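Which chain is which? They are A, B, C, D, E and F, in the order written, and residues in each are numbered from 1.
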Amino acid sequence: MATAFKTVEPLEYYRRFLKENCRPDGRELGEFRATTVNIGSITTADGSALVKLGNTTVICGVKAEVAAPAVDSANKGYIVPNVELPSLCSTRFRSGPPGEEAQAASQFIADVIENSQIIAKEDLCIANGKLAWVLYCDIICLDYDGNILDASVFALLAALKNVQLPSVTINEETGLSEVNLKQKNPLVIRKHPVATSFAIFDDTLLIVDPTAEEEDLATGTVTVVTDEEDRLCSVHKPGGSPLTGAKLQDCITRAITRHKEVKKLIDKVTKSIKPN
Amino acid sequence: MAAVCLSEAEKLYIVHGVQEDLRVDGRGCEDYRCAEVETDVVSNTSGSARVKLGHTDILVGVKAEMGTPKLEKPDEGYLEFFVDCSANATPEFEGRGGEELGTEIANTLYRVFSSEGSVDLKSLCINPREHCWVLYVDVLLLECGGNLFDAISIAVKAALFNTRIPKVRVLEDEEGSKEIELSDDPYDCIRLNVDDVPCIVTLSKIGYRHVVDATLQEEACSLASLLIAVTSKGALTCMKKIGKGSLDPESIFEMMETGKRVGKALHIALQKILDEEESLGTTRQKVGFLG
Amino acid sequence: MAAARRYCVPGERLCSAAEAAAGSGTYTRRGAVCAALAGCLRRGGGAGGVPQVAVLRDAEAQLLPDVGAVVTCRVCSINSRFAKVHILYVGSTPLRSAFRGTIRREDIRATEKDKVEVYKSFRPGDIVLAKVISLGDAQSNYLLSTAENELGVVVARSEAGVQMVPISWCEMQCPQTHTKDFRKVARVQPQFLQT
Amino acid sequence: MPLDHRRLQGPDESQPPALWAGEGSGPRDPCALRPLFARAGLLSQAEGSAYVELSGGTKVLCAAWGPREAAEPGGGTAGGGGGGGGGRLVCEFRRAPFSSRGARPRPGGAAEREAEREAAAALREALEPAVRLARYPRARLAVSALLLQDGGSALAAAVSAASLALADAGVEMYDLAVGCALCRDPGHPSGAWLLQPGEAEERRAAARLTLALLPALNQVSAVLGGGRGGDPESWGEALRLGLDGCHRLYPVLRQSLLRAVKRRDAAHTPPGS
Amino acid sequence: MAEGGKMAAGSGKMAAEAAVGQVVLPGDVLLLPARPGHDAEQLPLGSEAAPRGRLLCGPGLRRCAAGLLVTKCGLLRHRQPGGGGGAAAGGAYWVDSQQKRYVPVKGDQVIGIVTARAGDVFRLDVGGSEQASLSYLAFEGATKRNRPNVQVGDLIYGQFLVANKDMEPEMVCIDSSGKASGMGVIGQDGFLFKVSLGLIRKLLAPKCEIIQELSQLYPFELVLGMNGRIWVKAKTVQQTLIIVNILEACEYMTSEQRKQALAKLSGN
Amino acid sequence: MEPGGAAMAAAGCCLRPFSCERGLLSRPDGSAAFVQGDTSVLAGLYGPAEVRGSKESPERATLEVLLRPKVGLPGVGERSREQLLRQTCEAVVLGALHPRTAITLVLQVLSDAGSLLSCCLNAACMGLLDAGLPLSALFCGVTCALDAQGAIVLDPTTRQEQEARAVLTFAIDSTEKKVLMATTRGSCSVEEMQQCLVAAQRAADTIFQFYRDSACRRYSKS
């Protein structure tokens, strides 16, 4: 009859577990779900990565195109991230144009790229004022089981590390650009931002990497993004129950340790692909 | 299509009739209803036609306008289809009701006319990459009497046959900018060659046999129908199954054969009417909508 | 039983219609019984000894509330004429997605139907046991009734948010603030909720 | 076309670098049926899910939901299938922006929405005969397919994946639906039809045909063909080749579904009970 | 009143009766008076009568662990224990706040506009979040055959029988003894307008001088609904409009300004 | 307009002069215009009102925030800020008291001269106060900018924001001065973030004092 109790009184059911400092799926409060990453699975994209965080599955595909740079930033290319939450990944999203949660996630990813300076936009410039790269980063959630922000940032980082751009040159006389598809060179990744999300339970308890159910029952969420120099790229707390400065500090320290784990995982995976 | 609800007994009656190759209105399985085709019924279009097939009434207008060729086909003009189901066909088409059916018909027309052979698109091109003729084909559904696709395809073919595109000359002046010069004689225009334009034949499966040109009642008893676009030479350019049911493979082969045979006969009859109207020239007494 | 569990796929021919009757999860076509579900095959004694072939899916079978089933639902809104509920369970199997149901005023109690007050029977948030009396027509959703003693409110929370204890068939009391509230209480109190 | 305000916008127009580079791809044996990989029941949130991958690189992920309350209480419109009586099957087909080789189609654009709506209608056309809608009065069955990579015959792969997902969701069906695509190469003198064409072959093809088969009932549930396919005999030959292809693909799908049912069965009923 | 004791910066804890008459903000916590030794959360329980009787906390206040939590901004009011009779033996605290949106409360007398007639129930718009329902039997002398003559668009002055956050509000036009006592359909050709709830409460105070001053000008009929709606009818339209403008202006004018305005008016 | 400038002169925090006017719109149930330096936002609030269709929630009031930029149509950025504002308001509004109702908060940006989000937060809070909705606490918005030398600038102007290395915006609640909402632009170290938080909490006191003064002034008339 346990399932009956769970659907009738979900909050009470969770409190019973949180009292013993564990969760229904057996994890501690500070423990992440199993994280796997698979790079380069989509051949039609210039760079792609699929990240699984427990059941949450996110795929990021990067398509590179060329365009005239903006007038005010003549030597800068563009990075255009978009998060898509289709009705396929969970019944809570309806099909059609992106809803509020998808747009908020897109804005969060754009802020993380801007704040952490993963790629210097100047590196994307081919010919000053004439031609520059546009990296369309499309992040699609295939299976929504909570904590979509961590998975998206990880997938974006892995996909950008996997991008191979063809060399494009503009020969002066004709003014036309020539593309050499054979000779490809990777992007220069300057920083490695990693996101860590927490859910706030009953205004006090902080649990890391919440599942979809835990997110529904939580009274607030906090996402902290750090880079390798332990600088804060983003502290994103969209309302919800208030937190003291000390609790925020606990989140940041946990985020820093999480950064090391993820950096180790991504280095291992990129090394395994490098030889071919 | 606008559905009419029939009781089980009526459906049984129609199905048994079709088994014996005898339909409710006395036709055989492969006979068309009497069709009236009339061209040049709307004045301010480049070409227009109206087809009345039994109770189905379609009006098609073709407008030729100057446009820029598409990126991937710089040396060809192109066709744009728009199907409007007017609300006086059935109350169900009120507001957005008819939109879903309209887009479905438009998609089918795009598929039928997508193969290069149907209309000579290269003749529509004025100068590559910059100017070409774009034919906006507007289909208006005035009344639904079943078998919409056949009636529409006949009307489109007649309208294209009737289309007159003014002759245009391109003048190159010194600094290379092109200038379009229109001929002053209003009758000096080029006509489209519609021989390869296909006509759609819809074969509706009723019981174990299939019929052509199904009325609304027959469509209600048919679970699946096959839609075939046949050119005057008998080649198939499009094939599509519509309806909730499924077809067994053998019956598809038979349907294709029947479709080809019926399609060629249809083309011959249509071409005869069009040539007749063409020969009468301007003295033809137009019946229009009052007939 | 777990020896040779034969699994089958929709469309698969199980046996000829003469051999066995078509049980749940199967259909007959051209004299053969074919599987309609992807699940494990069960040959069992059907009604009246005729052998029956059925295909069973895993535990939480795909249920639709049908007439006569006892359902567990949560009250979401009430007014003077009916109460709107979300159906969570059919029997003991949870539904994956909530279906909407309605309990009309005259279906709440079997006795003195017209003196029933919806406000004195249900409140939003209560968990109620009810029986499906009709699938409802095109517009309305499922029609439910709580006109038996075993049906009615099972779990109710008081203003203070504490779970209330039933003290009679029509009243419940909050253990903390001792305030009494009117509810149409289900007599058999299934003990699946430890208070 | 109206600017889409619900997505972050890059520059107004950008061109894929491939426009200025040559491209080539090798010839292929016409009737070789490229191996197909299928897996069912892989998503946790969807009631039924399936993933199909063709060796040409096409990757389709599909999710399905069992009977749910009709969105609006009233039954579908008269034309909308089923009406008040049987259930309604709602299909959705989406292409990932990075799924096609050339330019990236703008996700919010009108052309993109039009193509997806047409593919969804074709998907529904193929699946409706296979599903026992009469068993789900006034309920709605939903199927959503996502094309991750387009390596040719995308719609055919989507039909197979969608029917697998519906079966995995425990929806009652008459039979699975197997999709197969063919195209006619203009270069071939005899106008031979190629089975399961790759994306490059599909783009160059003179004629294309996609068909869906209910293998156990041996019924064709969908035919969608276009282009200069020649006379009915050549289309008939294409049809035969396609049906044979479907029959050869069916065992792979059946195996993946059985594996998923066993996995689900083991997960729910502890062994031996 | 404004220069009362400066509250500690931001919200702090303060004794309840010290804050009476002060402006309180949501988030302030009021400690309950004279309870040495009693820990906070032992609030007066029904059964175990607290030494100084039940304490009523009115609109704008909510019980919380440390005492009373203020949820609306306004002036804290207190009514002496004895005055309120047995029910409010422990005295009543409430916050007098300015508000425009009306939330139905049981027993309030309001003016409703009939918007629809559904079977034997009229639907009334009372300015709240839901439409109130009024049964045709809830009129004086109404029986199954002798139905009240009520059309869509009529004004109804009635009292709330049922008003609760969970339930649809229900109105009646008869008091407990079945008499109309002033309630029912309001006559034609008066003038209906809306004012803030704070002003209505001031006008409904027993000895409200505004009403007395106005009545000296010229005779008029006046109906005040707790939902901020006022209906006025004087002999001539011109007089009615004068009264309406004065009542609307009371919101912003101090009492002196109002007296001068009335003096000027009674002059002509 | 009740200028709060005088109250601002408290030592230690260099907030720009800010002022607030309440009840200036007739149609909405609550309205407030908040001006912070040259940034001004107008908030209009309707509720608890009729809720339509699927958005109705059986046990809570449904809160909806619409942020209208000064020029152009609301884009993804506005939508993301609407979510921040909505969840901040949901944390303080006691929605359980008005189930099955809808509360709509419309914020119109009149002029943007830096610290726009904190100005929206303050305008939203004053709007909630003016509408008389049941709140468990008040909140205020404070924006801090970290300039090149690492000094903290409170309530920065647009130019200071552009030159700053990082811009952090906090929503502080009035009861325990905890962080209700936090969003950052640019990167900063952990200590800098904590210092900004402490500075923001100190600045919050002056804003709450201003809230109290404006409430006293408003109720002094009657």
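Couple of notes before you dig in:
In this text, contacts are C-beta pairs under 8 Å (C-beta built on N, C-alpha and C of every residue); 3 or more make two chains touch, one makes a residue touch a chain.
Just so we're on the same page, UniProt names per chain: A = Exosome complex component RRP43; B = Exosome component 7; C = Exosome complex component CSL4 isoform X1; D = Exosome component 6; E = Exosome complex component RRP40; F = Exosome complex component RRP46.
Note that the structure is a prediction, hence the values are computed from the model and not measured.
The minimum number of touch steps separating chain B (Exosome component 7) from chain D (Exosome component 6) is 1.
Any chain that touches chain B (Exosome component 7) and also touches chain C is listed here: D. Ranking all chains by how far their C-alpha centres lie from the centre of chain F, first place goes to B. Highest C-beta contact pair count among chain pairs: A-D.
Taking the mean of the C-alpha atoms as each chain's centre, chain D (Exosome component 6) and chain E sit 64 Å apart. Each chain gets a centre from the mean of its Cα atoms; for chain A and chain F, those two points are 28 Å apart. With centres set at the average Cα position, the gap from chain A to chain C is 42 Å. In chain B (Exosome component 7), no residue reaches two or more other chains under the touch definition. Taken residue by residue, chain F touches two or more other chains at 76, 79, 99-100, 173, whereas all remaining positions touch fewer. For chain D (Exosome component 6), residues that reach two or more other chains under the stated contact definition are 6-8, 65, 68, 214, 217.
Across the assembly, chains come into contact as A-C, A-D, A-F, B-D, C-D, C-E, C-F, D-F, E-F. By the touch criterion given at the top, residues 73-76, 79 of chain F touch chain D (Exosome component 6) in their complex. On the side of chain D (Exosome component 6), the complex with chain B (Exosome component 7) involves touching residues 77-79, 81, 114, 117-118, 121, 125, 128-129, 206-207, 209, 214, 217-232, 235-236, 239-240, 243. Only residues 76-77, 79-80, 82-91, 166, 168, 171, 173, 176, 178-190, 193-194, 197-198 of chain F touch chain A when the two sit together in their complex. Chain C contributes residues 78-80, 119, 123-124, 177-179 to its touches with chain E in the complex.
Every residue of chain D (Exosome component 6) that touches chain C in the complex is listed here, in rising order: 47, 65-69, 73-75, 84, 130, 132, 136-139, 167-176, 214-217, 254, 257-258, 260-262, 264-265, 267-269, 271-273.
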